[in-house]
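Structures for review follow.
Each of the next two complexes has chain A plus one other chain: chain B in the first, chain C in the second.
And now, the complex of A and B:
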């Protein structure tokens, strides 16, 4: 501790003992902030105070002895103070590691939304906190086809994100051989089942869209059902398909479904972060969501996805509890 | 190299009262060496923690306190030795707890931060030896 600090402390103490005014106490409070900034520990402060007292006036022995006791007690507070410091450093380090990991993870998701003839696509995918357990991807296939994947890993944060990167590599390499949707899920199930903790699993919808015939062939593994909007009727239908989530049983098989899109029809794929978002204190129900979709269905795909996210966040008072992904695909 | 600059004092730790004896001897030796009030208290607290660990986890052991010298600099060295169960995971024992434990002893991270040198050897079933030094800065 510096001599100047000691002198200053003596001065404030002397002034206060003389005047006992509030402004001296205000000075003391400001000094407290400064002492903390200088990392002066509690026991050092107690010691500083007892020495300052000595230089202001004759101190009776029992007061002196009582300060020795107080110093002794303060050592433990000092230990807590020092350990807080090391927690802070550790926290900052962890924080920056999470930021790097989350940037790495972002690079696993499509950087731009692809364009294909005759369709228009919009996507909103936002993590609840930094790292996401949601996954989506597009891959170009031969013969006027592209694939569309949307998945949700149970849990969120770092474990979900680690699982998601594994999933991304598996989808990528299986995508190379352009498997049909049911085969794709069957193979992914095997990868997930063998490689992730039994307490985790993944729900997924994998589909192939043919831009010549405008049909969408897909298979579902326990994933939140999407919607199909029929423009001519102006109505929303649940996308059919259930299936067992990936990673639950080694030999799950999956059923393929097919829908044909007419001009203006819209496919909406989502994760449960969308359907399980909050509406004030209660939860949103699927009917509420259909109402919102109905309101926005005439907008361009990206605008529609953006608007729905904005609307749901407002309803939830901007508290996003789960990773959120919505893909909107319209036949133009 | 660290060399002894005085006759070391060894205190057997078997009862809780022995912790007090060790603290007392340590405080007197640190006063003798010239340490100020805070450092005396920190040294006494470190001795307490080491002795309490012996008392709580090993049942018995020794605390040795010595004034040592290295390159003209003096310091106080405290060595805690026991033949108790040992520490299975030293890294964990040196991590700051989520709570301010205190109640059950341990307190090794606190000791490590209060002292300048901190050396620990321990193996399951082979006991524990902790060696710490606080150097006296003029």
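And now, the complex of A and C:
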């Protein structure tokens, strides 16, 4: 503790004892904050007060003795103060590790939205807090095909992020051999089943888009397939498909579906952060979502995705409780 | 987040009535209650979801893990009274046919 601090303390104490004015107590409050910043422990403060009192006036022996007792009592408070400090340091360290992990996780997701001939793609993918359990990716296959993956890992935060990195490497490796959608999910399921906690699973839609024939072949594993907009009819249809989530049973198999897109048709793929959005105190229903999609369907794909996110957030009073991903793909 | 848990027990058979929201934040409490019943030697666990307003995939994951734990301990495990919304979640994720679900009249 510095001499200057001691002198200042003595001065405040002396002024207060002389005047007993509220203003002097305000000075004491400010000093208290400063002492905390300087990390002065409670027992040191008692000691400081006792010394300051001695320098203001002669102190009777029983008061001096009472301060010795108070110092002893304060030791435990001092220990608590020090452990809080160490907890704060650990918390700051953890926070910075989470930030690094979150940045690393972001690098697993596409940095830019790819462009392919004859289609227009828009994506909004936003984590509820820091790290996301939503996964999406595009891979260019040979010739005129590309793949599209959208998935949701149960839970959030660090466990979901760790699972996502496994998923990303598995999808990338299996992508090399360009499997069909149902085979892709069958293989991914084996990888996930071997490497995931029993209370976790992954839901996923994996599809291949052919930009020559404009057909989309896909398979689903426990994932809500999404919507198909038929421009000629001006109508949204639920995409078909069902299958058990990845990671539950080693021998799950999946069924392949196919849809052909005409000019202006739109595929909407999503995660449950979209469908389970809140609407004030209640929850969004399919008709609400289709209504929003219908209102925005004439906009460019990215603008449409952005606008729907904005509307759903407004409806949920800007409280995003789950990771949110929507992919809009239009045949131009 | 709001969550209510009510347990009605008859010897080693328990009915656990859940209400409110089951998500990543409330799941650990539900899991702890159900696992403690299982560890205490439950022979039958029935989870009633009629008062559940919201459940996400973390809730489904928890029920799958519980179903496996019950199987290992020889305890029968049922989920009953699913709202339309919760039933849809069980169906989409593919767990509807995996977990023993009892509907209205059977429940």
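Please note the rule applied: the second predicted complex is superposed on the first by the 331 of 332 C-alpha atoms of A that agree within 3 Å, B and C clash if a C-alpha of one lies under 4 Å from a C-alpha of the other, contacts with A are read in each partner's own complex, and residues count from 1 in each chain.
Here is the rule we use: a residue touches a chain if its C-beta (ideal position, glycine included) is under 8 Å from a C-beta of that chain, and two chains touch if they have at least 3 such contacts.
Predicted model only: the values in this text are computed from it and were never measured.
Q: Given the superposition on chain A, are chain B and chain C in a clash or a fit?
A: Aligned on chain A, chain B and chain C fit with no clash.
Q: Return the chain, chain B or chain C, that is in touch with more residues of chain A.
A: The partner with more contacted residues on chain A is C.
Q: On the A-aligned overlay, A:47 touches which partner chain: chain B = first, chain C = second, or both, or neither?
A: The first partner, chain B, only.
Q: In the overlay, answer first, second, both or neither for which of chain B and chain C A:87 touches.
A: First partner only, chain B.
Q: Figure out whether A:142 sits in contact with chain B (first) or chain C (second), or with both, or with neither.
A: After superposing on A, A:142 lies clear of both chain B and chain C.
Q: Can A:75 be said to touch chain B (first), chain C (second), both, or neither?
A: The first partner, chain B, only.
Q: Considering only the touch criterion stated at the top, classify A:2 as touching first (chain B), second (chain C), both, or neither.
A: neither
Q: Of the partners chain B and chain C, which touch A:112 in the superposed model: first, second, both, neither?
A: neither
Q: In the overlaid three-chain picture, find the nearest pair of C-alpha atoms across chain B and chain C and give that distance in Å.
A: 18
Q: In the complex formed with chain A, which residues of chain C make contact?
A: Contacts found on chain C: 23-24, 31, 53-54, 56-58, 60-62, 64-65, 68, 85, 89, 91-95, 98.
Q: Quick one: which bits of chain A touch chain C in the complex? Just the residue numbers, please.
A: Where chain A meets chain C, its residues are 152, 154-156, 198-201, 203, 221-224, 242-245, 248, 272, 276, 283, 321-322.
Q: Over in the complex, which chain B residues touch chain A? Could you list them?
A: Touching chain A from chain B are residues 36-38, 41-42, 44-45, 96, 100, 102, 107, 109-110, 113-114.
Q: Please give the residue numbers of chain A that touch chain B in the complex, ascending.
A: Contact set of chain A toward chain B: 43-44, 47, 50, 68, 71-72, 75-76, 78-80, 82-83, 86-87.
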